[in-house]
Structures are given as structure tokens and as C-alpha cells.
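These notes open a run of structures that come right after.
You will see two complexes here that share chain A, one where it goes with chain B and one where it goes with chain C.
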Partner chain A sequence: MKPEHLHFFIDPNRCIGCQACVQACSECDTHRGTSMIHLEYVERSSSVQTVPVVCMHCEQPTCAEVCPADAIKRTGDGVVQSARKPRCIACGNCVVACPFGVPELYEDKQIMMKCDMCYDRATAGKKPMCATVCPSQALFFGTREQIEQLRPMSMPTNQFRFGNQTITTRVNMMVPRSGAQRPLVNVTDAMDEKPRARTVSLPVAGGGAADPFAEVEV
Partner chain B sequence: MATIPVDELKIIQQFGPHLAWMAGERLSTSVEPEKLVKTHCCFCGQQCGIQLKVRDNEVIGFEPWEDFPFNRGMLCPKGVKRYLQGSHPDRLTSALRRDPTAPGGFAPMAYTEAIAKVAAEIQRIQSTHGNSAIAMLSGASLTTEKTYLNGKFARVCLKTPYIDYNGRLCMVSAGAANKKAFGIDRTTNPWSDMIGTDVIWVAGSNVAECSPITTNYIWQARELGAKVIVQDPRITPIARTCDLFLPVKPGRDAAVFAGVLNLMIENGWIDRPFIEQHTVGFEQVAEYCKQWTAAKTAEVSGVPERSLRQAAEWWGKANSSFLLHARGIEHHSNGVQNALGTINLVLASGRIGRPKSGYGTITGQANGQGGREHGQKCDQLPGWRDIANPEHRKYIASVWKVDEKDIPGPGVDAYELFRKIDAGEIKGLISMCFNPKVSLPDNNFITRALEKLEFYVAIDFFLNDTARHADFVLPGSLQEEDEGVVAQVEGRVIKINKAVDCPGEARPDWVIVQDIARALNRPHGFTFNSPREIFEELRIASKGGVADYSGITYEKIEKRFGVFWPCPSHDYKTGEPAPDHPGTPRLFEPGSYNPVAKGAGPFYFADGKARFNVADYRVPIDDISEEYPFFLTTGRVVSQFLSGTQTRRIGPLVDQYPEPRIEVHPRLAEKLGIKDGDWTTAETRRGTITLKAMVVTTIRPDTIFIPYHWAGKKSANQLTVAAQDPISKIPQYKVCGCRVRKADAPPDYVGKLEAQQ
Partner chain C sequence: MAQVAKEKIKSGVAGAVASAILAILIVVGSRNLNHFDAALVGYTFATLFAAFGITYRYAMWLQRPPTRMYWRRGWRVFLNPRLIGSNVLELARRFFVEFAANRFIFRRGKGRWIAHWLIMWGCLIGAAITFPLVWGWIHFETVPGNTALYRTFVFGFAMQDFPVESAFAFIIFHGLVWASFLVIAGVMIAFRRRMIDHGAVAVQQFGEDILPLLLLFAISVTGLMLTVSYTWLRGYAYDFLAILHAITVILTLVWLPFGKFFHLFQRPAQLGVSFYKDAGKTGEQAKCLRCGEPFASAMMVRDLAVVERQLGFRYELGEAEEKSSRGEEMKTGHYQQVCPRCRRALFGLAQGALWRRALNDRLGEAS
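On to the complex of A and B.
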């Protein structure tokens, strides 16, 4: 059982793209040799921004809903597991359906595998491997009080809208509060004598930027 | 005879670099480790705490060590995969001798026979050409015990002045600047002091890739309101979200510091009382800076005036601040001046020696700090003592129980050592923990010099690129096969613990060194039975020196999660024994007592005052010209480490960034007709390289970047210039003029060499 008061927070703004999470995920006892994390540059030609993607552990997981073999289970404490081996028929429905692009089909093993929030570690009182090693703490595992104290410039959200679908997740995404600074992407902007505006505003649903649990339109 | 014995491809085939992956017990989900060993990463100067899982004398994995306060379990990808260097197919498990008829050009031989042959060769060269015809190269990835032993071995056993170390390519500019300004050479504050500071200025440091854990400190400070200023020709990951980016032209850092200081003085944003009470030399510096008007500074440095003014205002008006720098400003023929320029900004602000305010260089290697303290530098004796100082010589002679007159004088820096090999003055070389064929600039010259050696013995765990020239190779130890201390980036002395035994005939490096001493029939001072015994002598040798370790014990380190030096065994003021001395986490605190100033002030000079030094801007050597119109700068990527001897053998790390690429801004790429992924040739006065282009907006359009971890035709250091700082002798890796064009054809190694080779 994962301790109730501990939560997973993803803060892409803190990601340095080092892949410590990817490398460490493959070292986890239950998925030795295979990493369940995707870490990509958004567009390397114009920025060093990278995004780590772990499973968001939806309250109503689309992957499980579309699974024709009922192979994907959500534990009582809200962790969506990898496909169960005897049931998974490797059809790839979940891969196509997940709005976050998380599940991956392993053709050689004929199974879908994905992040299980290091279920074995979490139940043994440890943090997930990726959030433990992440050197910039873009992946953070802890209490809501800790994240609020540590990240006053951003707020956690766990509701996401994809078209008409609204998804609530166990994992939280940190979003910049209003007035956040646009990141630097082109050196020439910094070389010019006239500065470019660097303020960015995100359309946060529900209005109040002060509300840490506001929805965000993606 | 140090030419490579057979075709390099054949050596690579036999000795690698090959790749290691998780396999066997390391891949099993059911195998439980026999023990978890608390130790530290073998790579960079952050020295993250880590627990190694050990079973059957093999490191089978890792577990984060969340109690260690510096990194609290955090690791970079190198730390995560570091354990794959053990049980590696390329691991040297026996001594080797050069043998062109053997597969790969080297034949295994008995260890004792190899030691006898090495001693005989040293004896032959020294009796024919004199003691100074033998030189030693050492390294800053070694434990402090080994660095101490190597310094002693060169002076006492080999009786040669010629020892130097690879920190010459790393820490010496910062070290020389710290010595001139503070009289002590260490980062001033623990990193935890950054949290809550007003401004952090990062000058020439790709923090996120070269010292990833420091990112969390800087960004945590930023979350709590700190402004982050980054000075770099590239938008590295730490620069992406910075509050002010100073896109400096390579080699123009001293101009930026002088220009900003001038603005601070003009606006009265300096701490006059601090300057008057605690420093000397400000007026000369202020006078020098007058010429650096904002307009002139902007023109020279490429940083717009608005940004210089903003930097001056933020830095000048802050109540607390941190200034961090690294190789980006230090790897210059003006490296010491650059570092002094940052120190001038710190001293003028008066913000040093207190919580939330500090200054430091970010060390590169595991023991980048400790490796520069205890006598493996060409001009140094243990305890950060000076080999030319009669008092210092006398004290160390008494510890070593030798006649002071028998200790040689200062030697020369590592690059000059190769010039002496080239000139025929040095005939024999012993190397440990140094791969100059990859890591030194203009490395085609290094190859030519190596070929002139009469005799070369390499002590290493893999046959690195330089060791391919060796007559004999002695199988040394991996970090996890031995114990000892290192000093990490904050100046915290920590303990490396042994996890496994050396395989086969491999030995801990200190055993090999002592075996050579014994075979030379010069065993005096080389009869230690353990690293602990070496450390106990080092404590005495460092006592009373600035880098005073006399109060540090292995037990104290374990109990306190490391001890910040200086940590004396006796109270400096009273002379009373101080067995519980806690060490010195923060330097220069008001009212602090040190053995140099003796209460006169917090800094390590007789008057207790810090020194301003005029930090002169000089145009780089081999700067851009009509013929070579673009800047070439070099550096690291997060998944590789230094010359790649270890990391180019670890599969998952090689996968992450397999081969070097040339970073080019789209504006330049368009001008040259180069597209992302095109084979591209860069050329300097010394060499040519052809690599794939990586077209990115995150670099200045007048600059290209190549990471330096690879060997042979993929080595960036074929191109770099061997110009050195006149004081520190650090090479100017970070700038030289180059030409760039679309390649006529792919390089001829394509299809023959794997990515890492």
C-alpha cells in the first residue's frame, strides 16, 4: 500500500534532460533492464527543454477502459499497474488510447508495460526510483505541504482536458503561476540590445491562479 | 619505445572500449545483494552518496543513499550506471607488456615480473640520464591517500621534480586565483547556504550537465526568490530559465567582470566599509575598471549593455549572493584573471563569510578539491604547502624522515612535461589516472611526444587511449576496489568505501606504487599496509598547513557525513588538543581565527585581509581571424565523463549520446549550407575534425561547440590550442579560431569503429 499522504509531482520546468530517471527506472528491481519513462526534447533545434513522462495514474484509466482483455488493473490506492501477463493480448489498444502517451508495447515480450510508480518500492516505504534520483527534482515525491513550500512559483494540478474528456490523475503536474517567465531559447534574443518580452500566461481553467488545484487546459 | 605496437583497430578489438550492459545477476529480479556499501560516485566533484549492492565480489546494482546530506539520494545518469564499470570485459586483470606479435599488441605477464622489469627500466634510465629523466603523471580522480603517496613517491623514491596531475586541466586557474585573493583554496560555503540567497551568478558552468546535483540547489534558491544570472556562450539547461543570460563571446569573461564592477562603482553599489576593513588593493582594481565603460564592455564581450547594467544592479544591490564558476571561465590563457574578476565582484560586494553568501569554483573530478592539496602538483607539498618554501620543505622532510636537501624543487606542469619529453629531457614516464592523448589540447603533439619516450608504464584498470603506447601496463584498481578519502565540491572530506576486491592480478594503486619502490630497492617511506596508514601520515604531514586535515579521522567522517577542512587536531588559538573539532563548513566568518592571520582577520594572510587583484582582460591566443573566423569552444555532455575511459565503456550511457556532434546556430548553418545531421568539418591551425552537425538556436551564431570525451579522429582536442595561462598553466580549451564547412565526405572510420571507439 502506497502511503496516502505522499504524492507524485512532475515539474517539467525543472527538467534538465539528463535521463537519470530513465536510467534509474531500468535499475528498479521489478523492471530490471527496462525503463518505463519517456524523456524527450520538445524541439531540440530551438530549446533544451525536455519533458519526463511517467504514468499519470488516472482515476478512470483510459488504458484500462479500452483494454479488451481486462488486463490493466488499478490498485485500491490508485496505482495503475502494467498489463497482467496472463491476460494481455498485446493488441496495443492502450498504447493508442492513453492521452498522455504512456503505455508501451514490448513486441518481444508480447506485453504492455508502463510505469507502476515503483509499486514495490512505494509499498516498502521508499520513494519511486526516478523521483529519488532526479538531480533537479523535476520528479518529486512527497507531501502537498512540502511541494507548496518548495515550489511557490508553480502549483500542482491533476485535471486535464482533452477535447471533451476531462481526466483526473493521481500524479500532479506543476504549472507556472501567472506572470511566469518565458524560458530562453535563442541566444540571439539575449544578444540584442532590445529585450524581448519574457512573460508567459497560461490559460488556467477555473480562474484563480492562487488555487493550487485549478484545472489546466492542455 | 612508446609507439603503439600494432594497428589501433586491433588494439581496440582486443581491449575496447567495448560496451557493458546489465546481464546475469545484475538483470535478475530475484537476486538479493549480500551487502549494501555506503560510498560515493566515482565520477565528478559533487561526490554524491550512493549505496552499492554487492554479491559474489561483484557490484550488481545501486540503491540511493538518501541520508547523505549533499545529494539525499539524487544521482545523475553516470552515477546510476557507474556500477557497470565493474566486471567489465575490458577490465585489465593481469600485467601487460608491449608485444607486437600478441593479439591487440599486448601480452599478459606475471605481476611480479612486470614490477621487476619496470624497476629495472627506471633504474637504467636514471643511471644513464639522471633522476630527472623519469616523470610521473597522476590524477584528481584518485583518493587523497593516493595523491599524497604519488607526490611522495616522485620526490622521495624517484627523486625527480617531474610530477604533475590532470587537475592541471581542471582546477588550477581557480586554485591560483583563490591563493592570490584569499590565501586559501576552497569553496567558501556549504551548498545548503544557497537556499534563501538573493542572487546566484553562474559564470562559465554548464551546471545541469557537469554537476547536475548543484542544479537543485540553484533552482531551489530561485523558487524562493533568488535571481539567477548565467554567463555562457550557450543556453545550457541551467540557462533556460535564468533571469538574466549573459551571452558572452568565448574568451571575453574578464571584460564582463571588469565592466560590471565599473558600473557597480559608478552607482555606489559596493560595500565601502567591508572593502576598507577587510581588503587591500581595491583602488588599483577600480582604476583598471574605469576603461571598461558599458559600451566598450558590450562591444568586446558580446553582452548587450542592458544586460551588463542589469547584472550590475542585481549583483550590486543584493543583500546576499553566491557566485559560482567553472571551466567555462577557467579554461583560458587568461583563466586566473577571469577567476580573479569574479572574486573582485564578490569582495566589492562584501558578501562573503556569512550564511547565504558565498563564492566557489565547481570542481570537476571526484577529488578535484583534495587532489590539489597534498603534493601531487609540481610545485606543492602536502597540506597545501609550497615546495619552494624552506620552512615547508623542512617540515615535510621531517615527516618523511629524509634530508630536506634531497627533496627536489618545483617541477613543471603536465603540458610542459610533454614538451620536455619531446625535447628529449624526460625519457621515462609513469602514469596513473590520466589519459592525455584524449584530454590534452593539440593532442597530435601529445602522440608525437609519447612516441619519443624510451620507456612508459601505465597503471590503470582499462587500457586507455594513452596506455596503448605503454611498454608495460600494471593493472590498478577501480574506485570501488579500494578505500580512502576525497574532498568534494564544498570542501567536505568524505570517505570512499571498498565494495569489492580487485579481480585477478589487479592491485590497489598504492600497492603497485609501493611494489615499484621496493623493487627499486628504495622502500623507505613506502611500507604502508593500508590506506588508513597513509591517511594517518597525511594527517601529520598536513598539520599546520592551510589544508589542515590533522583533526580528521575516518570515524569522524562517517559520524558527521564528512568533515569540512581545515580541521586541526589542536585549537589554533590555544594550542589545546581539539579531538572534537567539527571542521570548517564556512570560511572567513567575522571573528574567525586562522593560523596564518592569527586573529588579525578572517582571510589567510598575515594581515587577515583579502586581496583585490587587477583582473586584466587579454585577447585569447589564436583568436578568431579572417582565416579562422568562428570561435571553437569545447565541453562536456551529461552522460560522459572526461576522456571517457570509463563512460565510453558503459552501454546505457553511450546510447544516450553516442558520438560527438558539432553544435551550430541555424544562422551560421544557413550561411554555410549545413543542415542538421550533415557531416561537417571544423578546422583549426592544428587539426581537422568531421562530425555530424547539430543545428540549435542555443549557441551563439559566431561559435561552435564540440564535446571532448572521444578519442582519435573524434577527439575535439585535435583542434584545441596548447596556449596556457601564464600563472596556472591551464590550457585554453574554451576558445580558439576555427573554420567550418560542410564535409566533402564522411570520415573514414565510419563503418569501422563503434560509436564509443
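On to the complex of A and C.
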């Protein structure tokens, strides 16, 4: 059992895209050699913004519900496991159904695998590999008190809205502190959002008529 | 609740019919129980219960919305008149490569593969010998006038004569011994992995992963002890061993529908799914609502949206909810139409939007 007082907090805004989590993840014994974390570039051509995505361990996991083989199980401590190997028939329903885009299908092995919060470590009271190495603490595993102390401007939430569906998760996302008890993150409202291009001042040497201190969008 | 009760009744009826059919086949195959060995009656009732339990669970499983969808679609795709010929050939190929040789398990790990392959073939050989004997479908008699020959009867029909003192006789009369060797070797390799592999140790459960191995081991060892008893110990403790062996086999048969062994019956769904996926690859592709890139078969995305609604999920975006609640096919506006990559990007963008709003609010308050 994972210790009750330890929680996973994810803060995508702090991600610096260093890939340390990706490398560390593949060291986890439950999926040795294969990294289960997604480090996604939001819009590669116009932004360097990256998002680390781990399994959010939903209370009512869509992946498990749509699995025709009943292969995805949620443990008593709320961790949604990778597909059970004898049962998974590699249909890919979970991959297409997961609202967070987490599961991955390995066609050659006929199996779905996903982040299981490093179950071998978490059940022993250790941090998942990704949280161990994340230098910016975009991925944090600890107590609520610790995260509140570290991020006084933020608060954790575990409620997400996708269209008309609300999903409650085991993993928390850090959001701006507000009056609400548990703010709802409306994911589908961000459909038209674009990563913000950063405006920086680049002094350009020479350049003739061009203003050497012009702001350049990157 | 009424729906669940209906499903249970349907499954119960299916289970009872399966048991009844097996009982009839036992009576017919053993020629009105003339060739039925009364000493094996315990095994027979265990198989009748297993037939009920397996069929009940299978029928319940087939009624789950995602399973039902794949079952129907899989058969429709497979039986497509244009493709039925090539599908049958492909089915045969996949049956041998994926099932007989366990290629997909080989790719998961060589140790896992050899353990599974040995256990699987040991169990299949054991079952192929045990069940027809228990049900009285196969029996042997000496050939009248020649006691050096045995005659095999299948469903009461004479099939083949062979010398009692022959290599062939030795091999087939010790079929369960060979099967035990395979199972024991496989169980040992599986146990070794489950003891030293940290990943396996972390997620394994006694009932799901250890108990099946213990049961197979117990069946094989007690079976071998029977052979040892009558071959080298002049039947020492044979009755006790026979009861012990019967208990292990009967327990396993009774447990078949409930535990890990049920995957024997679920696993063939992999073949149906492979044809569904083949059809999906060659058919229309779903394009992501956000990035416009194709990401999955349109048929699968549509089917999944239907299944999600049946399961009570409401991933419709805005007005599509009203359309689909009237039973019309959803064409636009479902979160299922966003590709997994964009879903991950949205996860970060949604947080960024919250921060922007919060900071703008604070700036507004400050000014």
C-alpha cells in the first residue's frame, strides 16, 4: 500500500523540459527499460513550453471502464495499474479513451503500459523516479503540508472538466490559490489556447537600419 | 439494477444450457454411461460446475458495453463476404504464431515466455487427456483373442489397435506424466521470476498470481506421486494420493471461472480485435479536432464514444450532448475526437490559462 499521507503533485508551468524524468522513469522496475512519462512540447514550432504528463490515477478510470478485457485494475490505495498481462488484448481502447492521453500501446508485445506511480517504490514509501530527479519540482511527491509551504501562491486540485464530464483524480495539479475549496480545471476550455510566445530583447550587433534593441518574438 | 438482474438471468440460463449440453454429451459419448468410470464422478461434477461458471462469467463479460461492441464488430469484420477467405487464412496464421508459439509473450520477455509456453502446453496436453477419459469419451479395451493388443474407442467407436508393450503405448499411457514435467518446469521458472523480479513482486497478488502456480504445481506433483506409487512402490498410499490428487484437480476446476485461469477463455478475443484493427487501419481515419492530424480509426472513435455514453461518461463538447441524447450518431464535438498528444498539451495549456486569469485578476485589483 502507498502511504496515505504522501501525494503526487504536478505543476506543468515549472517544467523546463530537461528530460530527466523521462530517463529516470525507465529505471522503474515495473516497466524496466521503457519510459512511461510523457514530456510533451505544447507547440514545438512556436514555443519551448513542455508539459510532463503522468497517469493521473482517476477515481473512476475511463481507461478501465472501456477496457473490453477488464484488464485495468485500480488498487485499494487508488493507483490505476498497467493492463494485467494475461488479460490485455491490445485493442487500444484505453489509449484513445484516456482524457489525459496517458496509456501507450505496445503492438509487438500486445500490451498496454502506463505510469503506475512507480508502484514498487511508492509502496515502499519512496518517491516515484520522475519526482526524485525533477530539478524544478514540476513533479513533486510528498505531503500536503510540504507542498503548501513550498508554493504559497498555489493550491492543489484534482478535479478536471472534459466537455460535460468531470474527472476526479488521485494525482493533483497545482493551480493558483483561490477561495474555492477545489478549483475545477476545465481542460476543454483550453482548446483554443496557444502557448504564449515569449518576448525578449535581443541586442543585434551591426544591423544597419534595424533597431538593435528591437523586441523579437521567439 | 433491473438491467444487471436481466444480464444475470441471461448468463445463468447460458450457464445452465452449457452444463446440460455437456451432461448430455457425457451420457451419449460414454454410451449411456457404460464406459463411464464411477471413480471419476467427482471430476465429472467439477467439470459440469466449471462449464456453468465459465459460461456464466463469459456471458456476463460479453454483456459489458465495450466487450459487446468488440464482439459484434469483430465478427462483422471477420465475416465480411469480401474478406472472409483471407481472414480465415490470417486467422490460422495468427493462431499458430500468437497462440501456439506465444510470440507476443516472447516479445515481453524470454523467461516469461518459456514459463508460459511450458505451462500452457502442459495444461493443454493434460486437459486433452483427462477430460475425454473422465467423461467416458475415450476408453481402451484388449482386443478379443489377442491380449497383447489394446483397442482405442472414441465415443464408443473403435479407432485404433496398438501393442500394449510398445513405445507408442508407453508414450500415450504416460501422457499426464509428460504434461506434469512441462508444467512443473514452467511453474519453477515462473516462481523464480516472481521471487526475484522487483517489478513483479511489487504488483503481484496472492490470489491472482501465486495461487494459480501453487494449484498447477500441486496437481502435477500429486499426479506424479500416483505414478510413482503404482510403478515403483506397489501401490503404497495409492488411495490417499488419489484422493489428494482429486482434491487439487477439483479445486482448480471449481476455481476456473473465478481466477486467473479465466484468461484462457478471454484471450481469444485478441484475434477478433486484430481483425477489427486491420479494418480500422484501412478505413477512414479520425482527425484531431485541435491539430487536424489523423490519430485513430474513425470507426473506433465512433464506437468508443457510443460505449462511453453507455457507461455513463459525458465527454460531449457542448451542444453535441443534446444530439446524442436523442440517439443520433455523433459527428462532431466529442472529446474523443481530440488526439492523445493534444490532450496532453491541453493539460498544460489549461493550467497556464488559469494562471493568466489569476494574474490578470490580481493586476486588475492592484490598478
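What we mean here is this: the second predicted complex is superposed on the first by the 175 of 218 C-alpha atoms of A that agree within 3 Å, B and C clash if a C-alpha of one lies under 4 Å from a C-alpha of the other, contacts with A are read in each partner's own complex, and residues count from 1 in each chain.
Heads up, the rule we're going with is that contacts are C-beta pairs under 8 Å (C-beta built on N, C-alpha and C of every residue); 3 or more make two chains touch, one makes a residue touch a chain.
What you see is a predicted model; the values in this text were computed from it and never measured.
Asker: What is the contact status of A:123 with respect to chain B (first) and chain C (second): first, second, both, or neither?
Answerer: Touch partner of A:123: chain C, not chain B.
Asker: Under the stated touch criterion, which partner chain does A:32 make contact with: chain B (first), chain C (second), both, or neither?
Answerer: A:32 sits against chain B and chain C alike.
Asker: Any idea whether chain B or chain C touches more of chain A?
Answerer: After superposing on chain A, more of chain A is contacted by C.
Asker: By the touch definition at the top of the document, which applies to A:23: first (chain B), second (chain C), both, or neither?
Answerer: first
Asker: One more residue to check, A:185. First (chain B), second (chain C), both or neither?
Answerer: Once the two structures are laid over each other on A, A:185 reaches both partners.
Asker: Is A:195 touching anything from chain B or chain C once the two structures are fitted on A? First, second, both or neither.
Answerer: Both partners, chain B and chain C.
Asker: Would you sort A:110 into first (chain B), second (chain C), both or neither based on which partner it touches?
Answerer: A:110 sits against chain C, while chain B stays out of touch.
Asker: Output check: A:46 vs chain B and chain C. Expected answer is one of first, second, both, neither. What do you get?
Answerer: first
Asker: Share the list of chain A residues that count as touching for chain B in one structure and for chain C in the other.
Answerer: Of chain A, residues 13, 15, 29-30, 32, 49-50, 183, 185-188, 190-191, 193-195 contact chain B in one complex and chain C in the other.
Asker: Hey, which residues of chain B end up touching chain A in the complex?
Answerer: Residues 22, 26-29, 61-62, 64, 66, 71, 73-77, 79-81, 208-209, 212-213, 215-216, 219-220, 222-224, 233-243, 245-247, 302, 304-307, 638-639, 652-653, 656, 665-667, 676, 694-701 of chain B touch chain A in their complex.
Asker: Could you list, by residue number, the parts of chain A that touch chain B in their complex?
Answerer: Counting only chain A, the residues touching chain B are 13-20, 22-24, 26-27, 29-30, 32-33, 44-50, 127, 129, 132-137, 150-153, 181, 183-188, 190-195.
Asker: Taking the touch rule as given, give the residues of chain C at its contact with chain A in the complex, in rising order.
Answerer: Going by the criterion above, the answer is residues 61, 64, 66-67, 69-70, 98, 104, 107-108, 197-199, 201-203, 208, 260, 263, 266-267, 269-270, 273, 276-277, 289-290, 296, 300-301, 304, 307-308, 311, 313-318, 321, 333-336, 338-359.
Asker: Quick check: in the complex, which residue numbers of chain A touch chain C?
Answerer: Spelled out, the residues of chain A in touch with chain C are 11-13, 15, 28-32, 38, 40-43, 49-51, 53, 62, 65-70, 81, 84-87, 89-93, 95-102, 108-111, 116, 119-120, 123, 160, 162-165, 173-176, 178, 183, 185-191, 193-196.
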